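Naming follows writing order (A, B, C, D and E), and every chain is counted from residue 1.
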Amino acid sequence: MFEYVWLIPLFPLIGVVINGLFGKKIKNETVIGGLGALMVFCSFLVSCGILIELLAKGFEERVFEKVLFTWIKAGTFKADIGFLIDPLSALMIMVVTGVGFLIHVYSIGYMHGEEGFYRYFTYLNLFTFSMLLLVLGNNLLLMFVGWEGVGLCSYLLIGYYFHKKSAGDAGKKAFVMNRVGDFGFLLGLFTMYWYFGHTHNVWTINFRELAANAHLLPVGGVVTVITLCFFLGATGKSAQIPLYTWLPDAMEGPTPVSALIHAATMVTAGVYMIGRMNFVYIRSHETMMVVAIVGAVTAIFAASIGTAQNDIKRVLAYSTVSQLGFMFLAMGVGAFTAGIFHLMTHAFFKACLFLGSGSVIHAMHHALHHIHSHDDPQDMRNMGGLKAAMPITFLTFLVSTIAISGIPGFSGFFSKDEILWQAFANPLHGDLNIVLWATGSIAAGFTAFYMFRLVFMTFFGECRIKEKAKGHLHESPFVITFPLIVLGILAIIGGYVGIPKVIGEVFGGIPNLFEHYLEPVFKGSQEFMAQQLPHAEAHHSAALEWGLMGISVAVAVVGIAIAFFLYVVSPSTPAKFTAAFPRLHRAVYNKWYIDELYDFLFVNPCKALGNFLWKGFDVLVVDGIVNGVAGIVKGIGSVLRNVQTGYVHNYALSMALGVVVIVAFYLFR
Amino acid sequence: METIAIPAINFAPIMPEVILSIFGMALLLVNVFVPSEQKAYLGYLSLGGILLTAVTVLNGWNAPVSGFSGSVLQDNFAVFFKCIFLLSGGLTILISDHYFKREGCNVGELYPLLLFATVGMMLMASGTDLMTIFLGLEVLSVSLYILAGLNRASLKSNEAGLKYFLLGAFSTGFLLYGMALTYGATGTTRVIKIAEFITQNGVVAQNPMFFIGMLLMAVGFSFKIAAAPFHMWTPDVYEGAPTPMTAFMSAGPKAAGFAAFMRVILIAFPTLKADWSALLWILAVLTMTIGNLIALNQDNIKRMLAYSSIAHAGYALVGFTAGNAEGTAGILFYMLSYAFMNIGAFAIIVLVGKKGEENNNVSDYAGFATKHPVLALAMSVFLFSLAGMPPTAGFIGKFYLFSGAIKAGYIWLAIIGVLNSAASVYYYLRVMVYMYMKNPVEEFDWMKFSAPVTLCIVIAVVGVLVPGVMPAYLLELAQKAVLL
Amino acid sequence: METFFFTIVAAVAVLASLLVITCKNPINSALSLILTFFCLATLYVMLDAPFMAAIQVIVYAGAIMVLIVFVIMLLNLRSEAGKRSSHTVLFGSLIGVFTLFQLFYLLNRSALTGAKGGVDSDLIHRIGHTEIIGKALYTDFLLPFEVTSILLLVAIIGAVILTKRKI
Amino acid sequence: MSQFPLISVMTFLPLLGVVLLFFVPKQSHSVHRMLAMLVTLATFAVSLPLLTGFQSNAEFQFVEKVPWIAAGPFQMNYQVGIDGISIWLVMLTTFIMPIAILSTWTAVEEKVKEYMICLLLLEVGMLGAFVSLDLFLFYIFWEVMLIPMYFIIGIWGGKNKIYAAVKFFIYTMVGSLLMLVALVTLYFKAGGGDFNLLRFYEVGLDPATQTWMFLAFALAFAIKVPMFPLHTWLPDAHTEAPTAGSVILAAVLLKMGTYGFVRFAMPLFPDATAKFTPLFAVLSVIGIIYAALVAMVQEDVKKLVAYSSVAHLGYVMLGVFALNLQGLSGGMLQMLNHGVSTGALFLIVGFIYERRHTRLITDFGGLAKQMPVFATIFMIVTLSSIGLPGTNGFVGEFLVLLGSFESELRWYAIIGTSGVILAAVYMLWMFQRVMFGELNNPKNQTLADLNAREVALMLPLLVLIFYMGVYPTPFIDKMSPSLEKLIVHVKSRQTARAQIPQMPAPQAMPAAMMPPVESK
Amino acid sequence: MVPLHSYLILSAILFSIGTIGVLTRRNAIVIFMCVEMMLNAVNLTFIALSRHLGSIDGQIFVFFVMTVAAAEAAVGLALMIAFYKNRESIDVEDIKLMRL
């Protein structure tokens, strides 16, 4: 099966070509959507095959490389089109194709009747292709291809409703922000390639070769530069501070897109990348610290904004940012496995949440459309009490919400708790660990609060839309609810592959399968860490772990309780609260004015500079000099021609003067 | 009283001059019997004379022959230049009838005068005695004074003739003084003897009299070739003179000036090379720059080409400054191609012009290309050649001139030269801008073609393009013709 | 004695020439010029060139100046109307003076370095100036001499076609 | 020379077309178009054997040498040939020409005959300049190119055409004339003989002389490229030129400058190259950033694309001056990419200009709805222009940056890399404003989508965009040996640069360091 | 015998006065007369040099100069008459139709 790994990206590509070229002619939505979904499903099947084969092998043999052809070769530089299979990429392709398939199916229902249906599926398949390239690429450059490719698809899909200016703006913003990240990625690539080559004569960008030679790299120093550059790339792609602002805006795209790209897969690419490059990251303590801090800060920062948003998708978007922060926190403290674990569970429940919200919006839209209302179908203030009308949506949504809040027994609990525990216990950052843990815990509390706020506002209480429209609220069709159900189930059980050791021991020594599975990938880094920090080997007691687990659960429960109090028991309180702290609310509601700050700091100066350079420098100075020289030459000519007075005297005078001067020249030479 | 024993005379070196003079005199006679409307026949007749002369001249190629006790020497140098003179004379004759008929001043004496002017030029080229050169120059000048003022009814033409005459006579004074002093310093007027004398008596080179003699002669010749600051007559005379005569003056006499200038300076004063090079350097720079810069601001196309011809003299002076084989051969080649391109351009001006010297403004050419694409194309060829764009003869000529300067180490001169030609592009392009890129203000409905003018344009186009692509043969000839 | 005579003649020549350029009336200028020419003819005689002196008088003073005076009369020219623009005069004179100084300076430093020929006053007196000139004209300088004929022919044509009432 | 003179036939075939066109009556426009099309296609066909017959080595191939001018000290030969550096540029030229001609099918209605003649003459000039191995011959072709381009801009151009045409002509003329002086100087320093380029390569000049001569050559080429701050003729020329003119200008003419650096300025004057590398790197980088910033605020689509050209060529120059295999092959590749992508962009601008007779961004908006095919093609080309991986633009840009990062131009590479952000900004912003948003201008609501001809002429470009992006190996392989030779030549002759550490050859990694892998 | 330098200086003076005349006078005929004066100055130089060199060439030259002067006079005066007919003046300040 390994040999056929190239089939995985190929299938979506076939979908792209067929839908892209002929989609307009086909017109039949079932065929187009079915083809798109089928292609991803085929990839999924191949992925399954590969995973099974992988699991069947011994730990040390779980690496495979398939090189198709040499892509670029110039001098010492060589980049292949080749695929790398190891536990990490196998996991990722499973997530991408699996969740991707479900979302394709969902889209068939959700996008029904949209103009440019074929375009949508083309983009979606293209996205899947790019994402698979990203995770499967055997070298940095191929990864970069996928990296940019998903950015492009994100751009295209965000701008899907291109007639809306906001959609176009959001798409462009996403792309440019991603490009800023890509700039970092490229620089990291250059630096690493150059450094490896120059100091150790290892000219490669192949992951395996890099990993094999990682021990040649120093600790800190240039590695910090390299990793920080790469991390800049990650912040762009994964919407971390400072490049996170595009993600909330990206909600302009169709909801399934938000689910697939801006929750489950693409945005996690940064996490994946750090995981892939863990052997480099681990060699720079500074970078690890930066990653951890950025992750933690993003987690709490985005969560804080999430508490005040009214647009259902925006809440989820900030939630995504926040959850990604958790993942980076995990990466930053050296808990790579935990980070990847959270990536996976997050894919399940966040996809489910987005799709659920899509289902709600879908219903709202229809209902509002019927009464020709122009109310925003995405605004939670218009919703309420939907659980009766949409039971399946409600249930799956609730399950996922519980999962994300970190209530024990659901997938989110396992992964998030693992992260918090590692943040506390991992000795990498010394005293900083406590702060990181505390920040993470508070963020978790926020998460529980705003998620349940969302659930309460949407599904509980009185329905706030106009009476007439109420009758038109319906549960979504099966093609939409089916993915919800699958994902909802995954949101519950997905966590059980990675039961923490302390819990596992209680239940008779259930091993942490997930950690075990990824061990070959991160073993080197773990060993390096252990080697670097021998003094910190001290084991924390199990009691401490239980205690912390309790605290985090408690925080989540408190969050839920506050939400329950504010939005179910006493719905008038939030308004009072808002009235009491208007500035704070406005600041939070306006996302701490970060967009405005960026406009002020970067966008406007750039435009002003461009205008100045164009009109001030290019036209006035450069062209001015050019035309000025021409003008001066011509001007000298027009002055000189005045000598040509027409008078014979003057002509004779000029001649005589010429003679005198020439003779004088020879006299005094 | 003893009789003077007149030595045996070898007519070979002056055979072309003799033939042409005979034709000229014969034409004077014939003219009496030709009615005013049919003066064109005189033109054909004189063309025959020119062709016959050309055959005689070409016979002299590679057969240098001296005569009249060293007064003349028909060597390859002279032959090459004589061909240029005959060519410019011939092309001018082709365009004359059309013009003068239009202007209503059909003077039959025009043709003999042209032929006599050509004789003068030929004497300048082959003269090896200061007296011969001086007399050749005067025959030429006097003819040109008349030709410039030929259109008696036109005040502009009168003015041109008078101005040219006054300033020409003034410059003659300097030339003569220079000759006199040279004579005083060396005791001879024979060019070759001067050189021989200096080689034998090195001390002469230090004699200020000798020196100033050379300088003043250079001034006199500079006037003829219109080098700054002795150029100022050029624009006015070129503008005022009848257009065919302007064409003639810009091609033939300029070349003749160079021929005599080169003969005198290169043969007689090789020992003073450092001195005259420095002088010519300055003259070249001034001439190019002034010519080009003022041309940028001209609206009258004749006047513009007059300034441009000043600039071209400057380019040729660059080659002269170098004084080596490349540079001087470059002058020969350039003068030949310049005759083609400039007379070609003037032929088109003749065609476009209206009675009373109208339609000579650059703006009158608006939309010319739409109405007469072929003529416009021909004009473009001439203009590109004047601007020195490949693949035209103008480029090759300039290349040789500047190469000569570079080889001689005058790199700055070459740089100034090329910058000048870059500036010159502007005003040549301006004509093309009007021809091709503007809409006509007025129809060119008065334009009548005439076979001779067309023939002249065709010859000129061929003469510009063929040496532009295949210059080897002509360059070879020029190389063989240089004095060094 | 000779020097004294030379000084007088030279002074007259210079004075007359100054008159040429200062007289307002062209006729006066012309007459002054004739005087200058006569002075020069005198000097030619002093230089053992009697033939040149003769044609100086005949051709220059006689023919050319008569022609000029004739034209002045024909055109009925009066004194130059208005005054000359002062800067023209200033610059013109300045340039002229400069020329003079330069010539003066250079000629003072020059020597007669040319090849000496055999024509001394003895020879001239023996053979006669005219003969010597004639011989040179018809032998060594035959070509220029012949060319003058063309020159004169051209001049005649020119004079005719430029002034003829009807062509 | 027994072999068939393929290069000459290719170079002068368009001239035959010109001659034929002269005999076609003035009014039969379609005949003119067809004839020109056929001739350019034939030229392309003739050029194909060059590609197939090209051996991937560093030697000049298909060389023809005929004595041409031999007079006095000079000996000029008609000497042509191609190597890895020129082969692709020649191919690019022959490939672009039919497309350019096809693009004018309906755009030019007046003076079609003259237009076609100009285009064909231009092709002769361009091909000649690329294949010349004789410096004098090169110079002739180099100058000859100016004339038809001047007319193309001046006669068929826009409102401000005269200013643009004259500016273009004189700007480039100034530089090339100074180059002529340097060229002749070089000739005499080389001790006369002929103008064979390869012979000049071997002339060792002292560094001081090299400096001046290099500057003269570089000025001519830098104007043509155009490099900051000599670029101001380009936006004017591009904006005013008709579509085909812009396409050719962008696709081929600008390459003359960069090609000139690679073929002439650098190998002829290695020491000066070393000396001026920082200067040119600075100018390139300034060009990249500056042009991007200026492009960002342009109101005219064509001008925006023109400025983007400046930025792209900044990359080319940066790569070229990195003087290692990555940088140089990246630069060369980027030349081709720029030819394809920017050529395509100009075609696209031409399409909408033909329909709406305006190029102001504000006049558009929401076209994607009305013209979906156009939108797709535009999108692809835009992405290629901003160097998205998978398209051609990426490979070149990446190699350039990698190469310059590896050389001593590291910091410039870093700044240059930030240009990728700006490229995305200005291109996408433009795209968004033109294609996205409400279709609220009534004039835009009736626009027709691309017709078959337009799609047909875009198609080859699109194919190339992807082909070169996914499989650039054939391109790089063909040029590598020549570039390698060039690098060795230049570096081995740099006395000023002392001993630069030679780049070690890549070594196979010790097997022990490799993780166990299953056999593939 | 009067030294050669005296003659040379005298002719230089005459030449310069002629030059001044050309540069300052406005009447075309007077200007022409000044040119004639310059030519005469040269003639004087020629003859003086010829005498002192003992060579006849200089005098022959003078002979030709006189011829030329005559020819120029004829043509020049004809031109002036032609101009006068059109313009009623031979003041050179009136010869300025073409300028700049």
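One rule holds in what follows: a residue touches a chain if its C-beta (ideal position, glycine included) is under 8 Å from a C-beta of that chain, and two chains touch if they have at least 3 such contacts.
The structure displayed is predicted, hence computed values, not measured ones.
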item: Minimum number of chain-to-chain touching steps separating chain D from chain E; value: 2
item: If a chain touches chain C and chain D alike, it appears here; value: A, B
item: Selected pair, greater C-beta contact count between C-E and B-D; value: C-E
item: Relative to chain E, chain with the most remote C-alpha centre; value: A
item: Closest chain to global C-alpha mean, per-chain Cα centroids; value: D
item: Label of the chain whose CA centroid is most distant from the centroid of chain D; value: C
item: Mean-CA-position distance for chain B and chain A (Å); value: 79
item: Approximate Å spacing (C-alpha centroids) for the pair chain B, chain C; value: 30
item: Cα-centroid distance, chain A relative to chain C, in whole angstrom; value: 103
item: Centre distance in Å when chain A and chain D are each reduced to the mean of their C-alpha atoms; value: 37
item: For chain C, residues contacting two or more additional chains; value: 88, 91-92, 95-96, 99, 103, 106-107, 110, 112, 114-117, 140-141, 144, 148, 151, 154-155, 158, 160, 162
item: Contacts with two or more other chains, residues of chain D listed in rising order; value: 170
item: Residues within chain B bordering two or more other chains; value: 131, 135, 138, 142, 145-146, 149, 152, 161, 163, 166, 170, 181, 183-184, 187-188, 211-212, 235-236, 423, 426
item: Touch relationships between chains, expressed as pairs; value: A-B, A-C, A-D, A-E, B-C, B-D, B-E, C-E
item: Residues of chain C defined as touching chain E within the complex; value: 2-3, 6, 10, 13-14, 17-18, 20-21, 26, 29-30, 33, 36-37, 40, 43-44, 46-49, 51-52, 55-56, 59-60, 63-64, 67-68, 71-72, 74-75, 77, 80-81, 84, 88-89, 91-93, 95-97, 99-100, 103-104, 107-108, 110, 112, 114-120, 132-133, 136-137, 140-141, 144-145, 148, 151-152, 154-156, 158-160, 162-163
item: Touching residues on chain A, where the partner in the complex is chain E; value: 641-642, 644-649, 652-653, 656
item: Residues of chain B touching chain E in the complex; value: 130-131, 134-135, 138, 142, 145-146, 149, 152-153, 155-156, 158-163, 165-166, 169-170, 172-173, 176-177, 179-181, 183-184, 187-189, 235-236, 239-240, 303
item: Residue numbers on chain E that touch chain C, as the complex places them; value: 1-2, 4-10, 12-27, 29-30, 32-34, 36-37, 40, 43-44, 47-57, 59-60, 62-64, 66-75, 77-82, 84, 90-91
item: Partner chain A, residues of chain B touching it in the complex; value: 163, 166-167, 170-171, 174, 211-212, 215-216, 218-219, 223, 228-230, 232-233, 235-236, 275, 279, 282, 290, 292-298, 423, 426
